[in-house]
């Protein structure tokens, strides 16, 4: 049986097949050959490899966190009045289904239309409060204050017209609540939150353990919400390759165009890691669909090697 | 042969089958039984019937005028780089084809996506200048200053999220030029320009006579632009009933949800009217597609009676 | 003023920009540099140029003839229960709108879905009778028996799966009447009918003269049906370039991928031709949309030169 | 903790909320209040409740079996050249995505377009052989000969035009292999295969145990294929409610409009059942989406009660 280190190396070698996201200068300037991995188990044992000190922005990974927080604060029933939980074969930024579907309800919270809607449901009197609440929630999970990458945030706001179009469409259908520009501002701040693989893997561990941090025994969200979130990650978490990832890797995961991937797993002895496991990878070279090339490869290889698939 | 008066009466009787547009209070409050008609020929002879003193807003009829003005000022070739001239079976406010078409170029200037794009191409340093230029152009054609219905304008700005969504989509595809909110502001002011059937029929007369007012001999736009505008009116001017209107009426026409219709015709002796003829009707009770019930009926009846169809 | 001969030559020179249709060997083997033109006026005066002896198959031009014949035999009202008359921006062989439209009624008779439906409405006990009736109708118009190109017919039947898919979709929506394979057989025979530019221009003349052959004074179809057919040709007759053709040429026309175009016009003195005029061109080099490059150019040039546009 | 018997009763009470499938008389005539359940564990322990002697046709459940068999015989790589494994929000019988997707490859084998393609890939010289091979494969799994409901098969063949349309579309895109009518014939025979909940649960047990029958230790398909099949069941197995079922039930499952559902689970002690478990339910009253009302309710209730969700 090959070691995790071996798979990290093998996967990093494939990074040359991808490219950094080009629509934002700050993302494009990342070193495409970077690759960092963190696994953490329920006893707090960690496996770390690569440039683990590098911070990267959550981008679409934030969709999982805002969804969980909105459900925890506003109840799952309330949130599901505004967003469905069905996968769709369309692009993450597609607007077509909003026109073709009765009421224009977004299909799921993992596409932009759904995530922008979720953002509009967050508790808080104004954009600052809404964002602060979310940061507090996330900060408690990772055990340190959350901060955003100002440069990325400002770039995203500037290139936001497609998302603005989606948001106004949702507003015209009475799906999006509140002021569009405020909602988008909070949305882009989520996307620009900086994490390391260590922080992200801790969130994965909490998800893996049904909402409770197994190291501190603190509960952050209900088991029910955890299950819904993991189901959404599996069915819709990897953009238009979600089906292939479910089929050939089989781990509930969510990726972002910055090159990060959040995953959850469980194993009896994964090179010493035991029980519930949170996984985070970061490799900024992404494939045309938007997923980290090295990250996908690593998760695929260890899923096969250690039989991690939930199927 | 029945008289025009007879057809006015017969058509007005059908107005009960329609309803006033409900999305704006100012439109909804119009008297649905109203009906006014004006025909004017190249010698200045007029036929007037009904409540001809009533003003109504142009709404989508403005799309023809802004298209003509943009082409006249910026050249047809320039304008056609941003908007195509193909009919589409989609709704006037559909966004789907922008996603499904390469480059996201709107199919024609008679749907909202196309008309908003046209508005963004108008000459002028800012929104005031852009709108003023257009008003000057139109004011010269109708021989009096142009003014807008402030209440309608403000209502439209407030309920504009679907159009805002379209505009930001166009912006994200680099089709719409300039600032979205400024463009939308000018667009909604166009829509809120007030006219009477007399003013509107005069514009029809100029269109009928290839861009020259036959009474004053003043040219307002080129013959080529006139032909393009009339072709667009015929193929795309009556919302999703454009094909049926072309087939069964056969007059280049453009309607608005306020209940107005602008048409052009030609005849040797239409109850005394001769040669090039401009026609305007106003009946605020519209059908589900958005066309004035009485207006459609009147144009259909006189087209058959006087063999006015261009086919 | 340049002569018609000059425009024929100029247009033929452009044929190199197109290519013969490649999906059927018999069409692909045509000489792409060929170009033939016939104009005939209401007094029987003809203008002929190019390889006028060459026969070519009607392909989509047959859609006009079968529509007219179905309306004449079954009434316009009956036919319009099964097919609408609205233009669409979709491809001629698109199936999407059948799924997205209530009842799945084809948008117009000039796209394959509409033309296949029309074929199913033709009178006759079986495929032989249906086709024979149509041939008789057309044969009387052109004054000689109609025959098909057997090789083309057999090729089309073999490569017919897309049309078969459309036909079964229509059948499942209860739009197409009768047996699918019989209907398709008659449909492909229509498409494979051979004509010369002289025969085709004669049909154009009859259309131009509202259903009556002005030379023999024989009526073939009603004025109403003639108007509907010409409106459809203008709004939907030139595939996805119908809008551009209406705008820049402005003659009701129908083209086929074999390279033929049928047009109608009217003029006081078009190089000696007077009054109602039928036009046919044949140039097998087609553009990517499916229209004859030389044919389009010729019609555009003479439309501008002689001011033939109906707008 | 409530008993399985209790949940069977509770779920059966809800059957009144559904209706039997109406498009085929033989399905419509089923007793809508019927409900049968079978669970079988890896030691051969069974739980049986309700009308377990009733046979019902597989309908869409056959899609799982034909997919597995095609992969086992032709290799997974080969099959995935023709069908993707991505979920889609479209209806099971939608044709739109075949037009909108490059190459027209069906999105997954659980929609009709994908399943018809899979059928065309089955080994065998002709339709009889193809079907016989599949029956042999399935017969070995359930330990008795497979037979079809002739009445259902004949009804489906008669009302097959929508599927015929899909098949010819696939053929025109060179996705479907072989003769369309033969493929459809085999496809409809699959759909008409009769099973009882006992037979179906046995197949579920084999799937649950990665392709090996744990009672006989016979391997029927590879672990890899088993994982792919279960991933497809989870992401696409319950029609347009697949996402909601994954979220709130979380068991890889496939349903058919006859009212059957095939599921897989695992538990330490589910009322005496231990380890890998196969589940089958049959309740012919279906919801508008096509899933058995009682079946969905039963699986949801026991998933919550026994914490069966894979998430």
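When the chains are written out, they are named A, B, C and D in that same order, and each has its own residue count from 1.
Assume contacts are C-beta pairs under 8 Å (C-beta built on N, C-alpha and C of every residue); 3 or more make two chains touch, one makes a residue touch a chain.
No experiment lies behind these values; they were computed from the predicted model shown.
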item	value
Chain D and chain A - chains in contact with each	none
Chain whose Cα centroid lies at the greatest distance from that of chain B	D
Chain centre separation (chain B, chain C; CA means) in Å	32
Centroid spacing, where centroids are CA-atom means, of chain A and chain C in whole angstrom	55
CA centroid of chain C to CA centroid of chain D, Å	48
Two or more partner chains touched - positions in chain C	100
Chain A residues touching chain B - in the complex, by the definition given at the top	94-96, 99-100, 161-162, 164-169, 171-172, 180
Of all residues in chain C, those that touch chain B in their complex	84-90, 97, 107-108, 226-228, 230-232, 234-236, 240-244, 246-248, 250, 252, 309-311
